[in-house]
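Let me begin by handing over the structure; questions about it come next.
Order of writing sets the labels: A, B, C, D, E and F. Residues in every chain begin at 1.
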Amino acid sequence: MSEKPEHFIVDGKRLDGRRVDELRPIKIEIGVLGRADGSCYLEWGNNKVLAAVYGPRELHPRHRQKMTRSVVQFRYNMASFSVDERTRPGPSRRSIEISKVSREAFEPVVFTKFFPKTAIDVFVEILQAGAGTRTAGINAASLALADAGIPMRGLVSACAVGKVDGEIVLDLMKEEDNYGEADLPVAMTAGRQITLLQMDGHLTTEEFYRALELAKTGCDQVYELQRQALIEKYSKEYTTEIEDEDPAPAGEPEGDADE
Amino acid sequence: MSDDVMTEIQRDHLFNLILKGEREDGRAFDEFREISIETDVIGTADGSARVKLGKTELLVGVKIQPGEPFPDTPDKGVLITNAELVPLASPEYEAGPPREGAIEIARVVDRGIRESKSLDLEKLCITAGEKVWIIFIDIHVLNNEGNILDAASMGSIAALLTAKLPRAQYGMGDDIPLPVRDIPVAVTVIEFGGALLLDPSLTEGAIASTSLITITNSDGSISGMQKSGSESLTIEQVLQAVDMAKNAAAGIREKFLEV
Amino acid sequence: MSEKPEHFIVDGKRLDGRRVDELRPIKIEIGVLGRADGSCYLEWGNNKVLAAVYGPRELHPRHRQKMTRSVVQFRYNMASFSVDERTRPGPSRRSIEISKVSREAFEPVVFTKFFPKTAIDVFVEILQAGAGTRTAGINAASLALADAGIPMRGLVSACAVGKVDGEIVLDLMKEEDNYGEADLPVAMTAGRQITLLQMDGHLTTEEFYRALELAKTGCDQVYELQRQALIEKYSKEYTTEIEDEDPAPAGEPEGDADE
Amino acid sequence: MSDDVMTEIQRDHLFNLILKGEREDGRAFDEFREISIETDVIGTADGSARVKLGKTELLVGVKIQPGEPFPDTPDKGVLITNAELVPLASPEYEAGPPREGAIEIARVVDRGIRESKSLDLEKLCITAGEKVWIIFIDIHVLNNEGNILDAASMGSIAALLTAKLPRAQYGMGDDIPLPVRDIPVAVTVIEFGGALLLDPSLTEGAIASTSLITITNSDGSISGMQKSGSESLTIEQVLQAVDMAKNAAAGIREKFLEV
Amino acid sequence: MSEKPEHFIVDGKRLDGRRVDELRPIKIEIGVLGRADGSCYLEWGNNKVLAAVYGPRELHPRHRQKMTRSVVQFRYNMASFSVDERTRPGPSRRSIEISKVSREAFEPVVFTKFFPKTAIDVFVEILQAGAGTRTAGINAASLALADAGIPMRGLVSACAVGKVDGEIVLDLMKEEDNYGEADLPVAMTAGRQITLLQMDGHLTTEEFYRALELAKTGCDQVYELQRQALIEKYSKEYTTEIEDEDPAPAGEPEGDADE
Amino acid sequence: MSDDVMTEIQRDHLFNLILKGEREDGRAFDEFREISIETDVIGTADGSARVKLGKTELLVGVKIQPGEPFPDTPDKGVLITNAELVPLASPEYEAGPPREGAIEIARVVDRGIRESKSLDLEKLCITAGEKVWIIFIDIHVLNNEGNILDAASMGSIAALLTAKLPRAQYGMGDDIPLPVRDIPVAVTVIEFGGALLLDPSLTEGAIASTSLITITNSDGSISGMQKSGSESLTIEQVLQAVDMAKNAAAGIREKFLEV
């Protein structure tokens, strides 16, 4: 673990040069896995996460089926090599809790009544962890659900807000997460329905209000990136389909979007 | 299916009550059931508390023993919180390793104590890098009639407040009280039909599964939050829930936990 | 663990002042838990145990159901804080064996044929352990079964007999259990049917005969206390019912018996 | 159901035989099947025995290695007894961690050796508080045709009697025999239709599931007992069973176990 | 573990006096267990293994049943005392892999289509391990399957070939296995169908060819011993049946073949 | 049943293609799908590689940390290989501890590296008997479209080739490359309808379940083999498969793995 820096914010700039209300760079690829019904690869700062959706599909064992709706299942999992100290494979208490609140971040938006007796399985793999894996996982899962064609009330967008050097800042990086004074991951819909909210640390009520405001701004930016990625993905596919009727295009291999 | 029908009927009943500003047991929306906290109830524990919240009942035992620190915090004591939802306490509970519900309770309670810095972990170092005090908080649910989490939070801090470092037993001098610096209190607010209620009964908790848990400290600051459950909350609901939790926590702290 | 005392019996008195044929104080409360079908809290010397009964209820998984009778299940469990050295939660080899012989202490008396395909679940939680937890658990379980209205051939009463300083003594306390020469827990019905018998240590056949005789006396005393507790519980309820028809009684809160 | 019918028919058949003073295989009530004990059968073990009891067959291997003492007995060796009911030995056995039946066998055998002080654990201390000899007794059932427990008891003490402390391997001098001071023998007596029988065959054990196991030492004293099974016993039956077990144990000890 | 010898082959003789193409002594007993449908005890050098077959029998859980064939299951298990350093009971990654490839060594020869929906369970217990346990287990399992009357295309015969001192040798003993340059266990039918093949170590392609040739020779010899054992077993039984019609034979107890 | 019918139809289809010397995706029998190996893709790992084999995709992460040597190799580093078939990668994979398929992949890859002496374990000793480098190879499957094993093998050696010993982190000097001496490559050959094919697609692998994996080194020698699957192979097929594997491995090594 790196040393605690003396200051996190100098002249309004953070350790990596960002403003207090600025997100780390986000890169999104939709539809990257062949077997899953929907998938998304997402990089966010140093995080690298992959989400896949399978379903609606039969739910086993049967006694867990619900007669009137689909059961959303969510598994957040860290690759052993995704953190500085190798983690043992398999679920930890931490990953079980994150899986629970992440599932609950989607249950409000998925139209589960459309698919009685089925399961909708969401799998998130953290390949490289760099502060904010649960929000990165939720953003990827949101797009994987869309890619799988699961009907939803809307996308879920997530980001964390925190406090360092006494200031409320958007999207904590690793040092800020390790040594900061508070961490507040939030997920919400474009309609401002909060579907995940956790907090660790120390905030006055006023700071909490400001943090929540900043989270809104952050989620808005994330939402815009998610929307762009979907448009790009599906317009490209549409274009590809049209191009297919033309003679083969020169120079560029087809199906790039799949990888 | 018949369960679903029962649930539907109960839901309608509760909803109609709420429209009239009422609850099934006659309480106000922001009213707790009767609280009783008895400490030093288990002689084999280093600290203990029996909490009754209406008919909900649980025991918290604190055990303290020397052990190795975590590699990344060589000069700090270790806090381990565990919750056992034993099948004695409810027909829904099954024997076996803790499931996500028990893990969430343990982790939220743990975070409240940890993040409020209520326990001075630095003072629990014996020999840096070699030996520190390990503090085990074990939450043992005896009867679940709703709102286990708030009871677990009260019981945990009450047990810590009366716990003694068993130094004599290990030839390290006299037993002294645990260094407790703050009294974090978790309060659950459930949302149902647009209303926010404190201290959900079993039925209320089952019907309105979505809640916001807020942990506040003696100075009114927040040291932990968790949205739990399968519905979403609006920002206004979150802000109102935080206020309700803060006020309720102040009352509980003053009446039951301050020495 | 305390040091071994030089003598266990001085002038016919044991370390805690008891005669060799005298039980430690026993305190019984029946019907203490709201969720269980039957329950009992029992203190015996330094033991604090809680028993709950659920059932007859559906047995899962189905292939374990018996077509002609109910299946009695028994789970003896120690709270982590119930002993000097914190125990890890969950079953140990010791608790699995105790659960087995305790179940077999009730199978002879429960009319299982009345409830084919069902389970009768008995749960015993050891909250504070002080020598003789299995017999304390059986005595509490016996009353919890009665409280649940499970038809039985009779109550099961249990106590341990042991040998210290070469003498056969009733109801070992902790030091006697740790350093004594033999420990013989026995459970029997009022009709002298032995339903549990275990022995550890070293006894001549003659000593064993005497020990068994003393166990009879001990079980008789326990039986009388169990009977009294039942009478008190149900006569009080009967009284309460009658009083309910009167104007509310002054001064005393109702329903005390439930806690 | 058909299993139940078969059992009913077998039960009647056995009962009729017993009324005539007979057993299905022609033995007297207090007669063992043919016993064969062969020692030093496994070269990789430090002590071993193969026991045949009629067609019942099992192996006991003793492995000895240095290790840490238990914190509460820093100057004593450690005895660990384990029984594996592998699925090779019976169609009823399943793969997986030991169930209550295997645990009971291991614990009763262990108690017999431990409580008789047959193994001088004090002599198995190498450096107090640091290093002691760990004695593993592993009971490996090969063919279960009834009365595994008695065979396991004979095999365990026979294997211990021929075991060597492997001191040479750890540079501590020459190998020497394990310090064994007594020869405890467990004998199971089953009750059926009022009669008491020794060495139950598979059918007898299945029908008359209730037994009393008594472990007696060379001087005739008792060092362990266990009632096992779902029926009760009268005091007279217990006393008679103890006598039968003591006599049978003396014969087995003399004929098969004494050097 | 013994020291590495300087030379493994001196004057054409190996450490135990064998030629490079010579098997260690093999001893076979068929039908040694009463409960199993088929069984075989096999000693091979220092290996002592026991195989049992149960089935065809009902397969649980049902969803694992195949509509058109029987499912072959194979469990290779080491007794804790079978190796120098005691192993923990239960499956290891090594034993899971060996179980898999051993099962696949029999799937090609068992007529599974004859017994739809059933299981054929093969259990191998390694009682004493001395290099080559998996091939010893397969040879014993092959005879246990025959003893159980499971229809097969033919016996499976297995042996290992290896490389020591740069030479290809048959049937590695322990020192050769520990310090040799390659180990190649092979199982095949008399018709030269290879059903198991694994290799560890370092071989040129030419050495591999020669090793496979030598494995053929080894499997041929094993096959002959297996065939002899079957003939002996069944001709003896045939003889016994005829003798049964005569007056009881003098001197020799009947049924020896069962043990 | 319908699954079986589908399989039957696919099998016939593939078989007809093979008779014509064709495969479903147009490849030659000895042709791999497109291979892409990207290294140093995970910043939190000490070495890593992302492998694509057609649409099959997996990540291998190498983590290195100091730890204790195995007692029987006190002067050698430790290699631990693990494969996670996470449910994100295929609808057939389930969450939970590794099953035999994952264990086989991990163990075969591990053997290839270990037996080729590719990793110089002696050089990974820090203090003999006390501290050595532990090398964890974690194979994380992302998308299974056939032939995971070959991809895992390529990825593992590629990750090792770029891995660094993190000496600086533990105050042992500068980071240096791992001592890798050889480049073992595992190649799977499947047998179907008498033909041998390289790099099975998902369908081919499902239909022709029997394969021979051969691991060859830079000098063409063999350091590991494994027959896997439920059918047998002839000796001629084995010899031909080894040749095919050796040639393919040479090509892969030269093109993708040599520096």
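Couple of notes before you dig in:
Here is the rule we use: contacts are C-beta pairs under 8 Å (C-beta built on N, C-alpha and C of every residue); 3 or more make two chains touch, one makes a residue touch a chain.
Values in this document were obtained by computation on a predicted structure and should not be read as measured data.
Hopping across touching chains, the smallest step count from subunit D to subunit E is 1. We define each chain's centre as the mean of its Cα atoms; on that basis subunit A and subunit F are separated by 31 Å.
Averaging Cα coordinates per chain places subunit B and subunit E 59 Å apart.
Note on chain placement: the centre of subunit A and the centre of subunit E lie 53 Å apart, centres being C-alpha means.
Between the Cα centres of subunit E and subunit F there is a gap of 29 Å. The set of subunit B residues that touch two or more partner chains comprises 98.
In subunit E, the residues that reach two or more other chains under the touch definition are 85. If the chains shown are joined wherever they touch, the resulting network closes on itself as one ring, and no chain has more or fewer than two partners.
The cyclic arrangement of chains, read from subunit D in the direction of subunit E, is D, E, F, A, B, C.
The touching residues of subunit F, when paired with subunit E in their complex, are 1, 4, 71-72, 98, 100, 103-104, 106-107, 111, 115-117, 212, 217, 220-235, 238-239, 242-243, 246. Interface of subunit B with subunit C (complex): residues 42-45, 48, 52, 55, 57, 59, 61-63, 65, 82, 84, 86-91, 95, 97-98, 136, 138, 140, 142-145.
Within the complex formed with subunit B, the residues of subunit C that make contact are 33-36, 46, 48, 50-52, 54, 57, 75, 77, 79-86, 89-91, 121, 123-125, 127-130, 258-259. Here subunit E touches subunit F in the complex through residues 1, 67-68, 85, 93-94, 96-97, 99-101, 104, 107-109, 184, 188-189, 192-205, 208-209, 212, 216, going by the rule given at the top.
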